[in-house]
Each structure stands twice: as structure tokens, then as C-alpha cells.
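Each of the next two complexes has chain A plus one other chain: chain B in the first, chain C in the second.
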Partner chain A sequence: MNGLTLDIFLLAMMTAAAVWTVMRGSLLRAVIALALTSIALTAVMFRLKAPIAAVFELSVCAGLITVVFMSTIALTKPLTHKETLDYTKTRMKRFWLLPVIMALLGSALLYFTIPMDFNLAAPLETAKNFRNILWEERQFDLIGQILVILAGIFGVVVLFKERSKDEPQD
Partner chain B sequence: MSWTLVVVPIIAVILLNLPFGEGYRKLAFPAGIFLAVLQSALVLLPIENMFPYGACPLSPFVFLSPDALGLLMILSVGIVVFSALLVGWRMTDKTSRKSDFANLIILAMAGMNGVILSGDLFSLYVFLEIVAVSSFILIAMDKNREALEGSFKYIMLSAVATILILSSISVFLMLTGSTSFSAAAAALKQGNHAAVLASGLFIIGLLIKGGIAPFHGWLPDAYTSAPAGVSIFLAGIVTKTTGIYTIIKLVSYVTGYTGPVKEILLFFGAVSALLGAFAALDQKNFKRMLAYSSISQMGYVIMGLGAGNPLGVMGAAFHLFNHAIFKTQLFVNSAAVEQETGTLNMDRLGGLSDKMPVTGATSVVALLSTAGVPPLSGFWSKLLVIVALWVAGYKIYALIAVFAGVVTLAYLLSMQRRVFFGNISASFSNIKEAGVSFTLPAVLLSTITIAAGVFFPYVFEKLIIPVQALLGLL
Partner chain C sequence: MTQETAQLLRLYIVFLPLIFVAGFYCVITTRNLIRTLLGLEILTKAVTLMLALAGYLTGRTAMSQALIITLIVIEVVVIAVAAGVVLNIFRHNNSLDARNIRSLKG
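So, the complex of A and B:
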């Protein structure tokens, strides 16, 4: 298998897994499909010579996030048999337009080719040491990261905290 | 020192959440108010060398000092956060929720300051996301069906915007090896097609974030379903900073006011101004009508920018500031009405002016300013935009702006009649003026609207004329 075939295979697998994630009725299977998407993306990142991004993708997205999702699903109540049947019947209806849109977009892209004169000869910063870039040039973004984490913590507290019994229900 | 605008709120949030009990956590509210007032004061009473160029000790590469428009935005952020906190604190029921609300507003404020101060496409994206994440949570705070739906719609459309923005940044990174504004601008100057495509993607992503028609699908639901304090915050400043201000910044620092950029801005601005105004005519819910009104008014800002001349850019900047003030005011009024009557359905309201004189009177000031009636601030900014369009030769767009202004007056007068004038319904005969948490920001914002209009020459010279420097950056 040459490089191009491998790339096409990986991209196809990633797309298929991503579509499967969205289309699955079962949350658990959707999570597995999402993990598969992440694994395919990890392989793509390795192929694109971005090993650090790939490791992050594998450990955080495919690993940690899957575990968090699984734990959350373990706390939910499954649908009854009747609800599942009703859901399965109507579920696919909302997706019928998707292949039509994709086909239209695909043919549009074929006919209106955009001139893509990419010039990659520029001195890429990624050639520099990853650690130096992160700590010496992108500190402002690290402040941003702290903010995102704080916002995430508040998100969990505000949206997922059980109401304690002594607090009035709204 | 400008970096303190981002770092101090972070430190404040960390300190405010140390485990010292519920009583301690209540400090989040006064701390938020203090930070908001301090931020506004720093702009209005400029301390020498407070915001020198590239003064951030952390990262001189990506940290600009705010330009004239940035200063105006920092001032607006302070004023709107002050109003949103006062109203939101009063309308949130439980102490723990109150402090979560205040903390999230402080975090979003730091995010917006970051957006205003960043001089790098990637940093800009990081801070846009902080504001977005805080906003998703704030909208969903009530955890009822409408709030979750509004938040979900915002997340989905924001995700689309994020994909467009990130794709654009990656193309610029591939082309130039950097994500700074200047590198992106240099790539565009060389006429590279990929760079043109990338800037187009970025602008469309920002149009989604700014709720400009036809990318406005999320905005009415998000504004309407969010708790009152959050609606004030979103409508007053969030969409303006993350969408509209960022477009002005991108056009000024990266793309330049070139022909195609102006055409795109004029087209979407005009569509937004008209569509928002006509949609607002047909609304029964007070907040929903104000949401469509925001879409329409932001159309003016984008059209002013599209004129691409000094008058247009100054008009856009001034209208952005004015709208932050008077739309916050109208949302504060709607919160007062909701607090006292328990409804926002304008067909059920009426005659509230007698019972709520301050809310009714300040609402008249805000609506006349929104509709562009002299001598209020909205008149001057709309005049600047319309004259700029006419002078630049975009006469059709100037006429569209005038026409949308007439429709604006129609729907806002209809709102005033349905909510505040006429006979009061028997079920509301016992209501009284809302508390000081509502009347204080209402009076303050009205005063700013009147003062910015009456003392227009002074405001124009001190705050608005420096904004035209944005035209000469490239």
C-alpha cells in the first residue's frame, strides 16, 4: 500500500467513523465511533509528521474523553423498548437530505475549481522546538487555556451539579 | 499594563472560589462590579503609559496595546458587565447560582478583553472560544427546555464558525509560518488565492458569531431563552465583541478595505439591517423583538464599515458603542418588566408607564436613540453611516439604511405603545417600579445616551476621530 492509498484509506475511515458517530441511535456506540474517529485522526496526524499533536489526540480525545463519556452514560436511564422502537422508526428521516447536499457540494467543487496556489516554502515555525514555542512565544494563549479550564469547571458545576435537598426547586 | 485586563479577572476568579464557605462566595458580585467599574475608569481617566504599545511582559509578540476602537470596546465591556451583574444578581434565585453567574461573567469579561488586546489570529481564536464557552453555560443556566435549546443552537452554529476560523488560521500558518496579523496581511498583499479564501472563511465565521443575517439563526433563541442578566450581557457586548468588533479588527489589520471585502460587508450589512427590522415588526415577545432589532442594528455597523472611508469607519465604531449602551438599556427595561409582571408577551402588557415611570421613561430615550432621533447618540452614529455610504457612492445602500431606520422607529414605537402606554391590565394594577438594581443601570445608560448625543462634538473629537487611524494600518 503506497502513501497516497494509505492517506485516502485513513481519511475515508475517519469520515465514516464521524458520520457513524452522528447517526448512531445508541449513545454508547456513538462514543465508540467517536473514539474510532479520534484514532483515525491520530494516524493522519502521524502521517503529517505532527507526532505531538497525535499523542495529544490519542491520549485526550480517544482516551480520556471516551472514559468521561462512558462514565456519564453509565449514569443515564436507558429508553424503554417502546421508546426505542419509536425512535428507530423516525430517526433516519431527518438525514435524507444529507447525501443530496453532499452530492451537490461535491459536484460544485468539481466544476468551480478554486485556484489553490499554496506556497509552502515559508519558514514554518513548527520546525522549531515545540516546548520553546509553547512557553516562550505563546504564553498569552496559555493564559487563555487557564480561562478555558476555569470556564469548563464552572460549566460542570452549573449544569451538572445535583440540586441539594435543602435548596428550593425552581 | 494592558495584560492586567486579562490576568486580574483570572486571579479574582481563583481567589473568589477558595473554600471559605457560601458567605465568602457572595463576594463574587461586588468583585465583578468593582472590576467592571475599574475597567471603565481606566479608559475614561487614562493614566499615562497605562496602555503603551507592546508592553506586555508576558508576550510582546502577540499583545498589542488597544487601539482607539479597542479602548471604546473596553469601556463598553465595563459598562455592560456592570449592568448585567446588577440585574442578573437580583434575578437569580439562589446564592450558589448567583456566585456562579458572577464568576462566569468575570471569566467572559477576561475573554473579551483578550479578544480586544490580541494581535494574533490564533490568540484571537483562543479568546473567542473562552467567551463562547462561558456564554453557552450562562445561557443554559436555568436548565429548562428553552434555555438548553437556545444554548445548543448557539453551540452548533458556533462550532461551524470555529471550523471556518480554524481552517482559515491553518491556511495562513501554512502560507506564512506564522499566525500574526502582519504575516497574514503580507500573504494577502502578494495576491495569494489561498490567503484570499482563508480571509473569506474567517469573515464568514465572524459573521456567524456576530449574528449577521443570514447567519443569525441562533441569536433570537439564545437571547430570548437566556436568563435576563445573561440576555443583557449577550446582546449588550458578547456578540459585538466576538463578531462585529473582530470583523472590524480583521478588516483593518489583515484584509484591508479592498473592493471585494467592501462588497461583501455592504451586502450582508444591508440584508441584516432590513431582515432584522422586518422580523422585529412581527414579534410578540419583548426580548425576541429586541434580538431582531440587534440583528438589524449590527447591519448598520457592518454597512458603515463596508463604506470603507473615514466617516464610515467612525460611524461604525460609534454605532457599535451606542448600540452597546442603548440595547443594554432596553434589555434592562425588559428585565424590569419581566421581574414585575412575570411575562414578556407584549400583547398581555400595556400601560406600565404609570406604575413603572423610570423604566417607561428610560425606555423612550433608548428607543428614540435606536431609531436615530436627534439629538440622541444613535442619531449621530446613523447619520455618519448614511453620509459615509452616500459619499462613497453607495447610494442604494444609503437609502436602505434610511428605510431600515424608518422601520426601526415603527417597531420600537409599537413596542412602547404595547408595553408602556395605553390602559393597564387589571392583573397588573398592583405592580410597582422595579428595584434599584434595574433603575440604576437604566438611568445610567440613558444618561450616557443623552450625554453622548448632546455633547457629540466633544465625544467625537476625543473618542471617535482617533478610530479613523484603523484605515491607515495597511
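So, the complex of A and C:
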């Protein structure tokens, strides 16, 4: 299998997993499909020479986010059998259009050729590795990340705070 | 641009909008709040892939990886907080239907 064939296979797998996530009736299976999308994305990122981001994607997106989604689903009430049947009927009415749109868009993108005669920027950072970029050039991003994480922790604490009995309900 | 790079770019030009459309369609069509978050995740994956591709094509993979890691951190925090909001909505309404929260007050 040459490189381009492998790229086609991985991207097709990622797209199929994304469509499966959207179309799947069961939320739990949709979350598993989302994890598969993340795994395919990880493989694509390895092919695009981004191994550190790929590992991060695999551990955080395919692992942590899947767990968060599964916990959320577990903490909500499942539908009854009748509700599930009604829901499936109305869902299919709303979602049947997606494969049609995707097939049309895919055909259009394959048919129309986009001029590829532009120049890409020359590699500027051949001497710099990931560590230099992250800790020296993008320090401000790290501060932003820390602030976002703290804001997230604060948000989750506020959302799940136990209310005292005297406190009025919203 | 070499022949190989042009082929690769063409391949991504076909697949990237498809993934983006799948996520966008999910967000605008679904009424289930958890599924809306799933759509948001798919959109984020398309953006992540775009960043990785941009880094690869311009030869600036280290910079693109730094940006991807920032994006993933933001994505996780957004999903964690949004999942908490969804759970609170479920506790109040006993439903995950987005139509039930249209008449919020205050």
C-alpha cells in the first residue's frame, strides 16, 4: 500500500466514522463512533508528521472526552421502548438528507479542479523543534491554556455545587 | 508545489469539507443536547485536521502542533463544562430536548 492509498483509506475511515456518529440512533454507539473518528484522526496526524499532537489527540479526545460523554449519558434517563421507536422515525426524516448532501458535495469537489499553482511558504523553523516553539515562542498560549483550564474547573465546580436546603431553587 | 503535495492537498480538499458538513449538519438538525456536543466535536476534529495539514504543507509542523494542543485543551474544557450544563438542564426538565429550553427566563 503506497502513501497516497493509505491517506485515502484513513480519510475515508474518518469521514465514515463522523457520518456514523451523526446518523447512529443510539447515543452510546455514536460516542464510540466519535472515538473511532479520533483514532482515525490520530493516524492521519502521524502521517502529517505531527506525532506529539497525535498522541495528545488519542489520549485526550479518544480517551477523556469519550469518558465524559459516556458519564453524561449514564447520568441521564434512557428512553422507553415506545419513545425510542417514535424518536427513530422522526430522526430518520431529519437525517436522511446528510448522505445525499455529502455525496453531492464530494462529487462536486472531485469534479471541479482547483488551481494548485500557488507557492507555499518556505520552511522557516527547520532548526526549531516542538519544545522551542511551545515554551519560547508560544508562551502566551500556555497562559491562555492555564486560564481556560481554571475557568473550566470553576465552571464544573459551580455547576455541580451542592445547594443548601435554605437556598431558593431557580 | 510538487506533484505529490498537490495530490495530497487535493485529497484533503475533498475530505475536509465532508467532515465539516457532517458536524455542521448534526449541530443544526439535532434536538438532543448531547448529540449537539457530538456535532461540535466533529467540527473541532475537522479544524484540527486542517491545522495539521497546514503545518505539514508549509513545513511548520512544530508550530501547528503547538496550536493543535491549545485547541485540544480548549475543546476538552468546553465539552466538560457543556456536559455539566446539559446534566443540569436534564435535572430541571427531565429531558434532553433542546426545544424544552427555548422558554428560559432570566
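In this section, the second predicted complex is superposed on the first by the 132 of 170 C-alpha atoms of A that agree within 3 Å, B and C clash if a C-alpha of one lies under 4 Å from a C-alpha of the other, contacts with A are read in each partner's own complex, and residues count from 1 in each chain.
FYI, a residue touches a chain if its C-beta (ideal position, glycine included) is under 8 Å from a C-beta of that chain, and two chains touch if they have at least 3 such contacts.
Since the model is a prediction, treat every value here as computed from it, not as a measurement.
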Next item on the list: Classify the contacts of A:V55 with the two partner chains as first (chain B alone), second (chain C alone), both, or neither.
Entry: neither
Next item on the list: In the overlay, answer first, second, both or neither for which of chain B and chain C A:Q145 touches.
Entry: both
Notebook entry, point to check: Once the shared chain is lined up, is A:L159 touching chain B (first), chain C (second), both, or neither of them?
Noted result: both
Margin query: After superposing on the shared chain, does chain C or chain B touch more chain A residues?
Written below: C
Next item on the list: Once the structures are superposed on A, label A:A12 by its partner contacts, choosing first (chain B), second (chain C), both or neither.
Entry: second
Margin query: Going by the contact rule set out at the top, does A:L104 touch chain B (first), chain C (second), both, or neither?
Written below: neither
Item checked: Doubly contacted chain A residues - partners chain C and chain B -> 114, 116-120, 122-126, 137-138, 141, 144-145, 148, 151-152, 155, 159, 170
Notebook entry, point to check: Which of the residues in chain C come into contact with chain A in the complex?
Noted result: 1, 4-15, 17-19, 21-23, 25-26, 29-30, 32, 34-35, 37-39, 41-42, 45, 48-49, 52-53, 55-70, 72-81, 83-88, 90, 92, 94, 96, 106
Notebook entry, point to check: Mind pulling up the chain B residues that touch chain A in the complex?
Noted result: 3, 6-7, 10, 13-14, 56, 58-59, 61-63, 93-94, 96-97, 100, 103-104, 107-108, 110-111, 114, 118, 120, 122-123, 126-127, 129-130, 133-134, 136-137, 140-143, 173-178, 192-194, 197
Check: Where on chain A does chain C make contact in their complex?
Finding: 4, 7-8, 11-12, 14-15, 18-19, 21-22, 27, 30-31, 34, 37-38, 41, 44-45, 48-50, 52-53, 56-57, 60-61, 64-65, 68-69, 71-73, 75-77, 94-95, 97-98, 101-102, 105-106, 109-110, 114, 116-126, 128-130, 132-134, 137-138, 141, 144-145, 148-149, 151-152, 155-156, 159-160, 170
Check: Within the complex, which stretch of chain A touches chain B?
Finding: 114-120, 122-126, 137-141, 143-148, 150-152, 154-155, 157-159, 167-168, 170
